[in-house]
Amino acid sequence: MARDHRSGPRRRGREGSASRPTGDRVLVLPGEEIPGSGLKPGPGTYRVNGKVYASVLGLLSVRPPLASVIPLSGRYLPKPGDVVLGTVTDVQGTFWLLDIAAPRWAPLHMTGTPWNIEVGETEKYLRPGDAVVVQVENLDPTGRIGVTMMGEGLGKLEGGTIVTIAPARVPRVVGRGGSMIQTILRHTGAQISVGQNGRIWVNGNPEAIARVSEVLRMIDAEGQRHGLTERVESFLVASGPSTDQGPNEPGPEGAPRDAPPPLPELADPPREYDPEEPPEND
Amino acid sequence: MGSVGAKDIPQLLSPEGLRIDGRHLNELRTLSIRAGPLHQADGSAFVEWGANKVMAAVYGPREVHPRHLQQATRAVIQCKYNMAAFSVDERKRPGLDRRSQEISKVIGEAFESVVFVEEFPRTSIDIYIEVLQANAGTRCAGLVAASVALADAGIPMVDLLPAVAVGKIEGQIALDLKKEEDNYGEADLPMALVPQSGRLVLLQMEGHMTPDELARSLDLGVQGCREIYEKMKAALRDRYSTGPTPGGAA
Amino acid sequence: MSDEVTAEILTTHILDLAAEGKRLDGRGPDDYRPISLEPGFVVTADGSALAHIGDTAVVAGIKLEPGKPFPDTPNAGVLTTNAELVPLSSPTFEPGPPQPGAIEVSRVVDRAIRAAETIDLTRLVVTPGEKTWVCYVDMHVLDHAGNLIDTAALAAVTALAHATVPARRFQVGESDYPLDVQHVPIECTFVRLGDTIVVDPTFHEERAAQGRLTVATDELGRVVAMQKGLVGAFSPDDVKEIVNRALRHGDRMRALARGGPA
């Protein structure tokens, strides 16, 4: 189909290597031109006639010459290396289909698990409704999402509950250098496994689960606003004492098999968005 | 266009050139847009335009239903425009009708022209437009609502799609027809614009116009679209600049 | 957002909370989510209302048009009720002909309106056997976050309570007049979560539920309709307790339906 209003070869951006952004964090909308010359189109942008435009609604991040837009909304888009929480929706002879809140289901092959499974026995290990932690391995050009359950911290989840937030808010839950998640763990002693897809497993005593759930709801609702860290801290302090349990202590009875580690990866927030840095415009 | 006895046709233009609701020929009806009012959809928007009330929702990209419609290298766009039974003066029976099917098709094609569908192979981007109250220009209102909903859903696009209908009433080219003007006027021309390129991706026309009238109509329509574009952007900025509550209050 | 398949650990957590008399959103077993009503939301309808219960939203529109009575009931007007569960409102709805869920909502709401004699159908008749008003009650779901029945019914009844018969437009009379609403039924839906019975279930609570019971009551304190749904059971004592709770909730919601915005 001719799309000649986007004349010339359209260069769509792809993720580059992670480095700290100098971004202005300005909100941009699809079709808005990104000012600057010699810009290369990063994720969330497109180039026409030498000019780069935003293609999604999000925050502008310019690390010359790369211009990108970090989406503020929309479904979770998988990236290799992401740890995500999935729900089994279907079982076949050699694989299961997982709903990972992405544009497509993700097939988990029986060879991608630590179990020794015979063909046709898949249902004995995972059934529809089971929740699992898996890692995205690859994305093929047809959009198929390859996941594996082999690896530390991956496996079937038992007990606890799952809280769902917007994927764009996940970096806020982790915080810079893991600061926010550490605060939550320190105050509640809960076990938490953060999925990049916005699904978060929380386990612990009922009070811990309730407090963590409330904090996650606050972050989901107010993630863009200033002072969130302070509000979360005040809430945690007001709603109960810090526990002496360090985050590595096991939770109460019913610790899950193949339990994910209490602390998520402490690498830089994956979306090149620094939530702690005060915005320049306010 | 309605065909009625001469005594039934209301006077659409006053001697001063004002329309029945007091507007000038190049004036839009009041338009208010809210982004993200719905909680289940990936993206949504509610448009109140004149006496139109239209809700749009976007789900996706997601798995394609039915599966056989899946395409190996791109997302499919499935657009469905529907009118509520109580949205029009004479109750509309629920269910598919040919007019809604045609409108669904032209709106879907407009979005096909701007959405980067190759980024999501084997998925579907589903667009639903529900007209709750109709007063001419519902396909344009639906398109505007769906466009804002697509942005709200984080779908990558070339641009937002403002849309408006231009018409001819008592020989004069007029922007954004309301119901009586649409029923008793001489022409109706809905269009949708890609502001980034200045090109049209939806264009329909019915009635009588000279080529010169048509040219002026296109210019007036593009002008109207640019005004509407600013309102669409403002609605999205409203939702996202101050830190949105997902879904918001409807 | 509603998932296609609900994770079992979430369902288990909902049941664990219910055993303590608690719910995911912090409500008690007998608390409704916030309710708001906007009568007159759609001016093309003869009566209308937008109803919210929590995030669930339904618009109802009333259309009155002249028509013929049914041959076997020449002295009765015609009332017809329809709920559209459009795909806009939930990822779990598909386009196409009505699924059983939509049909159930339509019929349950219809049953309550009819059994309560909300409008006196004989008063809709213009000429017996020949001409009557046909009253269409159309409900359009906008956002499905659980408990469609109560939300749709509340929208429908509020729309009826604010409806005008368009006599002038159809040349059936000199002037329009308010539709005479004699009784105001309110539907209240409860689900069983383990041993606890909670009112106004959310989407996930419906998924976790082991039985659902809807009770419609009117302003005279009568029970006018009931519907048990989903898979599960209620004892006669359960039913009596639910009816008492429905009467209390019904009175409160009725005041909103008659009075206007909450």
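Residue numbering begins at 1 within each chain, and the chains themselves are lettered A, B and C in the order written.
Heads up, the rule we're going with is that a contact is a pair of C-beta atoms (placed from the backbone, for glycine too) under 8 Å apart; a residue touches a chain by one contact, two chains touch by 3 or more.
Nothing here was measured: the structure is a model prediction, and the numbers come from that model.
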Third chains touching both chain C and chain A: B
Chain of greatest Cα-centre distance to chain A: C
Distance between the centres, which are taken as Cα means, of chain C and chain A, whole angstrom: 39
Cα-centroid distance, chain A relative to chain B, in whole angstrom: 34
Approximate Å spacing (C-alpha centroids) for the pair chain B, chain C: 31
Two or more partner chains touched - positions in chain C: 1
Set of chain B residues in contact with two or more other chains: 42, 62
Chain B residues within the chain A interface of the complex: 42-43, 60-63, 72-73, 75, 112-113, 116, 119-123, 151-160, 194-197, 199, 233, 236-237, 240-246
Interfacial residue positions of chain C with respect to chain B in the complex: 1-2, 41-45, 48, 52, 55, 57, 59, 61-63, 65, 82, 84, 86-91, 94-95, 97, 136, 138, 140, 142-145
Chain A residues within the chain B interface of the complex: 1, 3, 5-6, 12, 27, 29-31, 44, 46, 48, 53, 55-58, 71-75, 103-105, 141-144, 166, 220-225
Residues on chain A engaged by chain C in the complex (per definition of touch): 87-89, 99, 101, 128-131, 157-162, 164, 201, 206, 209, 213
Residues of chain C touching chain A in the complex: 1, 3-13, 16-17, 20, 22, 24
